[in-house]
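Next up: the structures, one after another.
There are two complexes below, and they share chain A, which is joined by chain B in the first and by chain C in the second.
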Partner chain A sequence: MGTQLFRYSEDNKEKFLESDNITFNDGSVVTPEEIWHYLTVEGPEKYPGSFEVNLYQGNRASRDETLPTSLKTHYLGLTFSDRMEKAKDRGKSIAFIQGGQAVDPYTAADTIALRPGLVNQWYGGLEHGNDINKANLRRRKSKEKAFHDMSFEACQTGGYEHVQEGDLRIDVIAPYTVLRCSDVSYGVEAHRHGPKKDVKLFNVDYPLRYQADKPWAIEYFAQNLRRLVGTLDEVTGRVTTEEDVTKAIQLHNEGRRLGTELAELWWSADVPPTNSADRASLVALGNLEVHGDVQASLSVLKEAKKFIAERVRNGVKGHAVIDNPKRIFILGSCVGINGSRSEDAGAIVVGRDDQWSHCTSLVEEEGDPYYNLAKTTLEYPYEQSIEKRAHWTIEQIRKSRADGVIFIHNWGCNTQAAVARPIVDIIKRETGIPTYIHELELGGLQHEQEQNRVNAFIEML
Partner chain B sequence: MSIKTLEKVRKRLEERPEELKRAREDGRKVVGWVGYNVPEEIIHALGFIPVRIAVGGDDRLVEVGARYASSKTCVFIREIVGAFAENQDPFIQQTDFLAFDATCLQNYRAAEVIEYFFKKDVVVLGVPRNFDWDEAKQYFAHEANEFTRLLEERAEAPLDASRLAESVALYNDIRKTLKSIYVFQAAKDNVISWEEVYDLIQAGELLDKQEYLSLLQQTLAELQELQQNPVIEGDDGNSRLFISGSLIPRGDRKLIGIIKSVGGRIVGDDLWSGILPHLDLDIKEISPAGVALAYLNRTPHAALPYLDLASDKRLKKLHELLSESKAQGVIYHTLRYCDPFTFKAKETKNVLAKSGIPLLEIHTEYAGSDYEAMKTRVEAFVEMIKIKSEITEEEGVLADA
Partner chain C sequence: MSLSENFFAGVDVGSLAAKAVILKDGEIFATGLLKSGVNSVESGLSALNLALDAAGLKKEDLTYIVGTGYGRVSAPYANKAVTEITCHAKGANYLHPTVRTIIDMGGQDCKAIRIDENGAVVDFAMNDKCAAGTGRFLEVMAEVFKVKLEDLGAIALSATDTVPMSSTCTVFAESETISLIARGEKPENILNGIHHSIANRIAGLFSRVGITSDVFFSGGVAKNSGMKSAIEQALKVTIVRPEIDPQLIGALGAAVLARSFAKKEGLWAA
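Take a look at the complex of A and B:
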């Protein structure tokens, strides 16, 4: 029996064609007609796995065909690999970075910044015609290479498996290390023994412990950012000025503002205006880095806000969302639950702390841009002490009117796993909301036993 | 042949918890410290009694710690957290407050978890990862000053420069004496074993520093009397092994015991819990920043990433120590979830292979369930080194003939 593939219905085409173009960093434009063609003809052929009707696909597109920006984020996701390849062909510089960090300095230095999930997405898209299982097996096989060269206990491997195998043309490995993860700094270091000697390595050293209150920590981190931009310039051959950095801050502030407004709009609705997947994919646009193209993200984000406002005004409920779903807030790095299966079980994901923490952190636009960036970065709520982080999280949980909280950590992620219990303890104590801690396998398909625990929690709620 | 002073050291260690208790009754404060870059001299100079919190080998405490800090945290940190949860360790019981550094992120997380769950007063010293940069040194100097200020608050007195100079001189003497003693364990016809020296080093984490120096000097005098000219030779008929990797704290002697039981002889280490922290510590300026920077300038801890393999000071030091000890093989000990060392195991193996030095990685935790499996692997490694050594000897004889 062949695999059943999802197809966008022609019934929605007309409305979709009335929506906006997507404008990219290089000034090029893609029209709704072209997007529709891709999603209905080219995409299913290249990436059948993404169109597969399969319960185990955790991050599949939402299938909300009446929300044009849902189709657009799907399009940006599917074309990601091709766009990165084309960017490289045009000589664009690409950096490997950490999740949970803003990318303003990279944008200023005309460099595409890709966090681990995006690097994996780039690799995943290089091979066409795979179903979900084949695509996942390919990813796992590649990860084994990194485990072999580093440690099987690694959660993050710094893109080692893709860069050192020569699969991806990444120019520089330059994440904010120690920010929320320790593995990534060991992953960066591991590249020093790999065969690819032309990849630049740089640690942006994120200081720890009450760092935002210490002027010397801010100055040190600012100096790290200055050196980072210098390193990125060595790759591109250009000179990034302070004015470039300020402009990048202004651009990203616009994204952060829009992303925050969109999330708050969503939270303000009596009924969820989208399902979990759409909420996540639209709010994620706020950091502008999610599709490897800040302008494309910004253009979809602007449009998304209009659509969500309209839905909230008209009381439209998101696709496949049941009446009065239990509202779940997710905590932890590089994690998530299977949105559609959780919706089937009677819940909806209303927020996450990861990515959201820095989306809410606006950078001062006047004065030394490096100092301003450093100060804001050291103030990320996610990176503060246990109590401070927990209290910020409680605020988000209250704003989102969550009924339950799940703290998820990936296998091998000791940095987040270590503070999971104290954080959920504080949340439970101060809000009375049920919580639980959940371990996930990074890069695995959404396993039955994992979903079983989530469903039991939803049922309990 | 036994060194009489070592007996004294063991006895004094047994008496130490009671002694600490009395000292606290007299108004002294005990500081428990955890880390690699904690400048102990500053703690000492402020009149505190420093004790190093480093316990291992108890899988029950590991389980207890996992309830608070997750089962994904390294075994050593889980046991420390478990020990605070149970509060039965006689040294932990006597601590008034704690000093941690952020060299290893898991160490830092332990500070946070202990502070939160067990309401311990914790002072944390930030440590830069780009430690070889001038800006990082400036940052660390500020951190050292802040660390000192927080300690001064707890001492209710400022740090006196002359007291700091005295503490530095005392600690320098301790380090110098330890280095002299260390040579004896690696020598031919050794009168003290590496295991005994290792215990002696760790005794210094708990004993009064002045008394400890005196005990070390007595040990050295005894050694010099028994063996006037210790000579380190590579072909002494033993499998000469070097231990590297994750720390092996007090209470954890599983691997060390196995090596001994299969006929291996340990002749050196670069462990965080061994000789390494005592080497190359050159304090150029008597100030909190001066002391702290000397710590940072030593061989860096594996938790601090360094991006150029060719100029890595940690690997350079490993080669130097291997050469000094004339070790024939390395047993690279990695604890479960100890990322700083597990991530580098294969790399270190490849680097040493270029110098013809074999490396065996032993990945373990504090449970006893892997004892036999570890023993088989270590035994095979020891045997391999012996055979290799015999072949080299035979080849030498043939070449001479």
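Take a look at the complex of A and C:
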């Protein structure tokens, strides 16, 4: 059976070429012409899997081609691996971190911070010419090997494996441990005992949950953040000042504000201005870390907000979104549902709590930057008690006008699996909105069992 | 037969069986049921053809077809695809409008479904990806004991004791069963334990969605009297079993939905 590849239509080229450049951390610029060339010539050759028209990608012959920033996030995703390699060639430092944390201190210390998903993306992109099946097999192979090397099954194990195997030039492992996820902590512990010792390890010890109102906890975490920056400086050989940290906070606050405004703009629309995948990829830019390049994310985010505002003003509906779709809010770490297949079944994803919690958490810009960062981090809504997290989630559900809520936890994600039921029960009790709890296997393609449950939930709505 | 009559079909292609039901003017007119093969399109079509032959109809005589079950994603003969959860709800409501809770145990999954007076799903839960607690699990056990699948329930009901099963993974349970036999446990007592272990899994699903009477049992496993009894004990309820083959409920619900979709789309007027 031949593989059909999606091609961007020349019909939209002119509009795309009128859009903005992307500016990167190192000051380099890529023009729309160069992006167009990559997406239509180089990209499909290097990463045919990303252009494959198949069930997993919704059997759609096109993406939202009239939304230039949709193409730009596609470009940033496809070039991620190459950009990380080039950054390393230039001597840039790269840290392996936890998901769900802001990266302001790493930006201040001139270090690229990659959460587990991005580490996997970097590794995935090193091999070219793979169709979607081959690319997935490659990821699965790493995961299975990591299960055996670590001797337990967790959802995010690729990072451990790639560092231990020396697949990726990661300089330092420095996550906020005990933050929302048990698996990265397990991985860090496995690193401590792993055979490869030349990668620096630093645990930013996040005080056990629910300490946001305790000054000692804020001070303690602030001290940890200082030590983190010191460790990053040991790797880079530079000296990061408090002023650098404050500047990083200001920069990331700009991203967080824009990301929040973009999401609220999207929610304010009578008809969804983008489909689920585009909404997610644009809102995710708010944390400025998703593409391993803060400035690139910021420049696309600024432009995206302009386009979304225009669409909302003109009542433009996102590509392949049906009339009056059922609006679904997704809860849980490192999870999601297949946007296009769920849209085909009559729904649209209007929000997620993961990554959104810290996007909505602005950091105070005056005073001790470490204290301010620590205070905000301890206040992340996602990290609060079940009751508090549920109430914050209810606010987001109401703002997004969701019709239903699906809490997903990955196989092996013990933390989220444990809190799923009580959170969902509170949401159900206080909003009356239908909810569903759903278990996924991270990174698989054969998701018929899961999609069946999602479709049944959509039909129920 | 008058050509002005309206026929609607539901085709349910599951992991173990393909089923079809044809409705004529709202009444069950014909059914078809066979073991499903690897090719879900062919399995669905074969079940549909069985029902068509029994009805003396051709496919062109059908006003609307709804496909359901795992084969619904590749059912070119169907006008629409709907999940089996929705279809079981509609099928149970069609047969017993007072039903509010459904236990559906099929080949590879089991479902706890709560419905309203119109047969709309209010809440549901399903087993995880593991096939433990499903028809396939019982098939494996029937093979271990070298007995017919349909006799398993009666054998379990003849037990004098219940042997606890510490594992509910299909593959591991098989090896555990073999070691229990080697230990000298009576087959009927082991089978009773297996039925109770599955029933407890089902009860766990209902802790999520709740139970409201009447409770209805559908799917191939509903033919098993031992399982019905074990679930009744676990849930402390009396179960209503359908008058027709319980494997057909999904296809029946799909046919009911076909009638309703055809009406909505102006293809038929009541």
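One rule holds in what follows: the second predicted complex is superposed on the first by the 449 of 461 C-alpha atoms of A that agree within 3 Å, B and C clash if a C-alpha of one lies under 4 Å from a C-alpha of the other, contacts with A are read in each partner's own complex, and residues count from 1 in each chain.
Here is the rule we go by: a contact is a pair of C-beta atoms (placed from the backbone, for glycine too) under 8 Å apart; a residue touches a chain by one contact, two chains touch by 3 or more.
Source: prediction; values computed, not measured.
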| item | value |
| --- | --- |
| Chain B versus chain C as contact partner of A:R453, first or second or both or neither | second |
| Which of chain B and chain C A:P434 touches, first, second, both or neither | second |
| Partner chain(s) touched by A:D183 [first = chain B, second = chain C, both, neither] | first |
| Of chain C and chain B, partner touching more chain A residues | B |
| Touched partner set for A:S151, first chain B, second chain C, both or neither | first |
| First (chain B), second (chain C), both or neither touched by A:R140 | neither |
| First (chain B), second (chain C), both or neither touched by A:K302 | neither |
| Touched partner set for A:Q223, first chain B, second chain C, both or neither | first |
| Residues of chain A that lie at the interface with chain B and also at the interface with chain C | 421, 437, 439 |
| Of chain A, residues touching chain C in the complex | 55, 421, 434, 436-437, 439, 441, 448-449, 452-453, 455-457, 459-460 |
| Chain B-facing residues of chain A, complex | 148-151, 153-154, 177-178, 182-183, 185-193, 201-203, 205, 207-209, 211, 214, 216-217, 219-220, 223-224, 227, 385-387, 409, 411-415, 417-422, 437, 439 |
| Chain A partner contacts - residues on chain B that touch it in the complex | 67-74, 77, 102, 104-106, 108-110, 112-113, 115-117, 124, 126, 128-130, 133, 135-136, 138-139, 142-143, 146, 303, 305-309, 336-337, 339-340, 342-347, 350-351 |
| Chain A-facing residues of chain C, complex | 70, 73, 82-86, 109, 120-126, 128-129, 208 |
